[in-house]
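In what follows, a single structure is set out as structure tokens and then discussed.
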Amino acid sequence: MLRLDTQFDIHNLPCTRLFKVIAPSELIEKGTAVCAGDASLSDFALWLDEPESDYSKQLLALPVDCLLLPTSDTAIEGFDGTQLVNPNDSTIVQPGDVIVVSPGSRVVRVLYRRGSNSNLLFMTDRCNSLCLMCSQPPKDIDDLWHVEENLRLIDLMDPGEEQIGISGGEPTLYREGLLEIIAKAKQIIPEKPLHLLSNGRLQSDPTWIADLKAVAHPQLTWGIPLYADNADDHDHVVQAPGAFSETLHGLYNLARANQRIEIRVVLSKLTAPRLPELAHFIFRNMPFVQHIALMGIENMGLAKKHYDELWIDPLDYQNELNQAAYFLDVRGLPVSVYNLPLCVLEPSLYPFYRQSISDWKNLFIEACQDCAVVTQCAGFFKSHSSRWQSRGIHPITATELGTYARRAL
Amino acid sequence: MTWAGTIVLDESAYPLSVAQKAAYALSSILSILISRQGDALYLVVTPADLQNGASHLSEAQARVLITRSLNDFALRQQIQLETSGLRELLAGVALREAGV
Amino acid sequence: MKLISRWKLLIGQAVAMLPAVATSMAHANQAALAGVDWTPQTTDEPLVFKNTLNSVDAVNIYAAHRSHSSHRSHSSHRSHYSGSGGGYSAPRAYTPPPAPTPRTTYNAPSSSTPSDSSSSNLSGSTRNSAPSTQTSPQRVRPANEELSLLIMRVQMALMVKKYYTGSIDGLMGNGTRGALMAFQMDSGLPVNGKMDTQTLNALGVAIP
Amino acid sequence: MFKVAAAILAREVGYKLLPFRFLRLDDTSPKNLLITAETGEYLFVSELQLRQLVGKQLERGTPLYKNLLARHFIYEPQRHNPIAEIAAQYRSRKEFLFGGPALHLFVVTLRCNHTCQYCQVSRAPLGGSGHDMSPEHASHAVNRLFESPSPVLTVEFQGGEPLLAFDRIRQIVEEVAERNEHEKRSIQFVISSTLHHLTDEILDFSKTHGIQFSTSLDGPAFLHNANRPTPGKDAYERTLKGIEWVRKRLGSDAASALTTLTAKSLQYPYAIIDEYVQQGFNSIALRPLSPYGFAKKSSQRLDYSMAEYIDFYKTSLAYLIRINQQGTYLSEGYTSLLLNNVLTPFSSGYVDLRSPVGAGVGTLLYNYDGDVYPSDEARMLLEMGEDGLRLGYVTQPLQELLRSPVIELLLSAGVAEALPGCSDCALVPYCGADPIEHFARQGDLIGHRAFSTFCQKNSELLTHLFRLLRDGDDDTQRVLLSWLARRSLEDLPVAGYKG
């Protein structure tokens, strides 16, 4: 449950900067090769956890632009670059991470966390839909600067094969920037799979086909939400008339561009009743999709406002979930169930269950204390509240565990 | 035990094509001769020659069958009329020679 | 294959070819189509679905589906079974992503306007108003800068190993060279005062 | 600014019909009408619902309304234009049109050691001469094969008993393999054989080239030997020995078998199926006797009505489903193909269930004498004394063969959607056109559907399957799905949405 931001005392920061945090030993060993792309010493925030040592003092001569002193309350003399000292929580920022700092603020944000599988290129707060359950409502602002920041962030990431997300808002609103980012990712971090969340509406413009074919990222997957097999229901969930039609055209254009596609369905009172029919629609009309993710709802943002319209106890849609998942599975379309506590799941669904909520985002509640499968359970979102709690939540006993395990064979 | 019956149709309700299709569909059990007099179609119905001596339909059964078949084909024609052109268009779009 | 045109024509004329029934549908066609934009976009290339149920052995589909009137091979049907009911074909290979990409709570840097920040020294260049889809070329660092960085890393490594107490300046001066030679001597390496591969390896300085 | 007025979403939208067909299942179910859309999506509805649908009286927003929308029976002009989806489904179902002939049959010899009464192929005695394909003709046929643009090719050797002309097989396989080094097609070799004449040499060669064997197993010894007389009365034993040998040398998947059903066979559905279980097969093909070749002449003794076959099929299917439920995986091949057509948007590629017709368009047969036919069956008609379904000679280029008047003739009777009786049939999306069978049975390429055994067989089998899909319990559905997906029943603890 590690947060992605904390506060430091920040000294001598002239402008917004991204820094790659690096410990001296790693700097010796790898130099700038610690970054996947183009980097120089000035991009580093040198991690000095013993700033008073002679060795540290001699390192002050290095032409790095920033020092990060996790254990110190005060800045040290003899260094004229930026210094980050006195963290609120010294565990948040660690060597290898990429951080962003801005003048006039104590906040240090981790844009890239070493070793995490949930790093994200955040594209924009803008969106052209307004989904009833949106966990982070869009803002109508000009935030094109994210593009530049993400391009720089790609350079400073570690090389390696962990997945990188691209999200928003709606990332395709900044089409040129998005394509530039995908192209740069292909060049700098080709070994990292990209997972791009988009509502697919703008891709109804067929000129995307040639652009995406030209970029030809080898490991890009589009995560596209589809909430119904008909326009009325889908458009209502995303609060945008015409969205269903646009998304379908978008999905087809992505298929024409040979893109990998995942369909994402957030389970709510609006989507659960026709989930089997939606599965049918997906198989008959878009069997080219690689994966269908059926996901429990997160009680964040707009979802809270629309509680009455959205909330359904997951116990009450297990049958639909079961019908949909096996319908797709038999027909060769891979299915996953995300974001539900294991104890509310129909045991036959266990083969599709993924422990999905990222580690910094999930939690377990009191009822979980005696549960035998906490280590395999996605748990709850951090935002969990009793209002959104299934009546089926209970500790799973060792006997019950046997039932699940048999299904998992 | 054979019989012959006649069914008279108003051609505005059951066009010739509908009567012909019904006759075609039932031809393994019934033989239906169609003729036209004014606005009316005359369907002369007799049991078909059955090879294996299977029992013939009664005239009443045949009437039920023919009426249902006529109504079905009339409904089909209505569907076809409403969707005519679409089938051809779909085939044209779907089978476009994408570089074949 | 010009045959395709012929098939299209035939399928298109899916009006029953009953004797004497061939009524012209031309008029009705236009009536039905009027008012609806059914004209597909010319860029809309028709998609063809790949079979998701037997994608692995789709290759043999014709062998498997040979006319039943002659001997036909079932082998492709069976190619995923073992003879007596062992392993069946698995669903399409797919490793689900470990987790859905989470949404971070993220706001613009507070004290600078977006345009300021986009032209800040994040990458040292001002963003073009019409960005190209190509990636910006990698900055080519001058060779002497590369060398200087390497020397700094060597100086740091020598410092950690207590051979060097001078400044981390990226210059191969006498102090650095002397420290290198001392390290080489203690490590049983050829004593030449040079940053050769052997020496860098021994210092734990990786070169890309 | 993103808020959408509920009034806009809920605005009045009318619907229009898309092309669809309906069929009465004539049973007591409240949903006894099958409606099928142009691309094979289907629903079961009641009489009233059908009337409402056509009469534009359906209430918007009901589950039925949404199902009809999602399955392309209706559309809402102001909401969404589904043409791209329908076109993709359509094209996927007709995908076989885009490749050219993919199945190439080589009749390398007419000689055979069997004297099967029902044999659909004419045959020559073992030592007969002048009944083998010449090396020159074989080379020409290989050229024709590669003139087809199809990226996937199947080369099937037939006879007679093709292993009696193994030298020719060797020549053809080697020439094909050599040319394929730059052609890079995906090519599968199959030999249809009794397996009585296998040798180590043949098996070595087959291993090298990945050749598979297809044989006939008509049931237990008493049935098989009765159907397939040999001088030694040991056809069953020799074929079983062959199957064992192939499995041992080439792997358990390299030998497959299918069944020919005589009137006698129809009395033994359980014995036949048990034999396949016992011999470790995973698939059985219960095919009725064909109206071709010798089988037609001896029909007095061997043939049976299609109605009798259909009864046999239903009995067999019920038994197969039962033993599958008990843990033995054995699928029925034709059922699996029909299920593919009903339950998926994909083309099965199966030659006899194609429209436009598979013969010629998808299949070519090179006869031992250099003649080229659109299918196996067309050649048999010739051997029976019929004439006229020959495409040409093996020395002619493929383009020329495909411009033959015979192809024109086949096509004019080979598009089911345009055939009388078929054009209104709700089963046409799953069925095919078989003008050659109609010619053989009725003397006319189009034929009359009311008297067509092809139509009787497919419509009754499909109707039976549709009833099972509608009414069958979860365990029955699971077995059918396990055949469709070729997955173990244990893999499918739940049948999932019925669709």
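Lettered A, B, C and D in written order, each chain numbered from 1.
We take it that a residue touches a chain if its C-beta (ideal position, glycine included) is under 8 Å from a C-beta of that chain, and two chains touch if they have at least 3 such contacts.
Everything quoted here is computed from the prediction, not taken from an experiment.
Colleague: Write down the chain pair with more C-beta contact pairs when B-C is set against A-C.
Modeller: Between the chain pairs B-C and A-C, A-C carries more contacts.
Colleague: State, to the nearest whole Å, the distance from the C-alpha centre of chain B to the C-alpha centre of chain C.
Modeller: Comparing mean C-alpha positions, chain C is 59 Å from chain B.
Colleague: CA centre of chain A versus CA centre of chain C: separation in Å?
Modeller: Averaging C-alpha atoms per chain gives centres 18 Å apart.
Colleague: Centre to centre, by mean C-alpha position, how many angstrom separate chain C and chain D?
Modeller: 40
Colleague: Which positions in chain A are in touch with at least two other chains?
Modeller: Within chain A, the residues that touch at least two other chains are 252, 283, 287, 329, 331-332.
Colleague: Taking each residue of chain B in turn, which ones touch at least two of the other chains?
Modeller: 21, 24, 80, 82-83, 86-87, 89, 91, 93-95, 100
Colleague: Give me the residue numbers in chain C that touch at least two other chains, ranges are fine.
Modeller: Expected reply: 1, 4, 7, 11, 13-16, 18, 38, 40, 44-47, 49-54, 91.
Colleague: Name the touching chain pairs, please: which are they?
Modeller: Chains touch in the following pairs: A-C, A-D, B-C, B-D, C-D.
Colleague: Spell out the part of chain D that touches chain A in their complex, as residue ranges.
Modeller: Listed in rising order, the residues of chain D that touch chain A are 1-4, 8-9, 41, 61, 63, 66-67, 69-71, 76, 79-81, 84-85, 88-89, 343-346, 481, 484-485, 487, 492-497, 499.
Colleague: For chain A, which residues are in contact with chain C within the complex?
Modeller: That would be residues 4, 15-18, 24-25, 27-33, 37-38, 40-41, 55, 58-59, 61-62, 100, 102-105, 107, 109, 117-118, 120, 122, 135-136, 141-145, 147-149, 151-152, 155, 163, 165-167, 176-177, 179-180, 183-184, 186-188, 193, 195, 197, 206, 209, 211, 214-215, 221, 223, 252, 255-256, 262, 264, 283, 287-288, 290-291, 293, 295, 329, 331-334, 336, 338-339, 354-358, 360-361 of chain A.
Colleague: Which residues of chain D touch chain C in their complex?
Modeller: 16, 77, 81, 83-84, 87-89, 91-92, 95, 97-98, 100, 102-103, 105, 120, 149, 152-154, 156, 158, 186, 188, 190, 192-193, 212-216, 247, 252-258, 280-283, 285, 287, 290, 292, 328-329, 331, 333-334, 336-337, 340, 344-346, 348-352, 356, 358, 361-363, 375-377, 402, 407, 411-412, 415, 417-421, 423-424, 446, 484-488, 491
Colleague: Please give the residue numbers of chain C that touch chain A in the complex, ascending.
Modeller: Per the touch definition, chain C meets chain A at residues 41, 43-45, 47, 49-55, 91-92, 94, 96-106, 108-112, 114-118, 120-123, 127, 130-136, 138-139, 141, 145, 149-150, 152-153, 156-157, 159-160, 165, 167-169, 203-206, 208.
Colleague: For chain B, which residues are in contact with chain D within the complex?
Modeller: My answer: residues 21, 24-28, 52, 72-73, 75-76, 78-80, 82-83, 86-87, 89-91, 93-95, 100.
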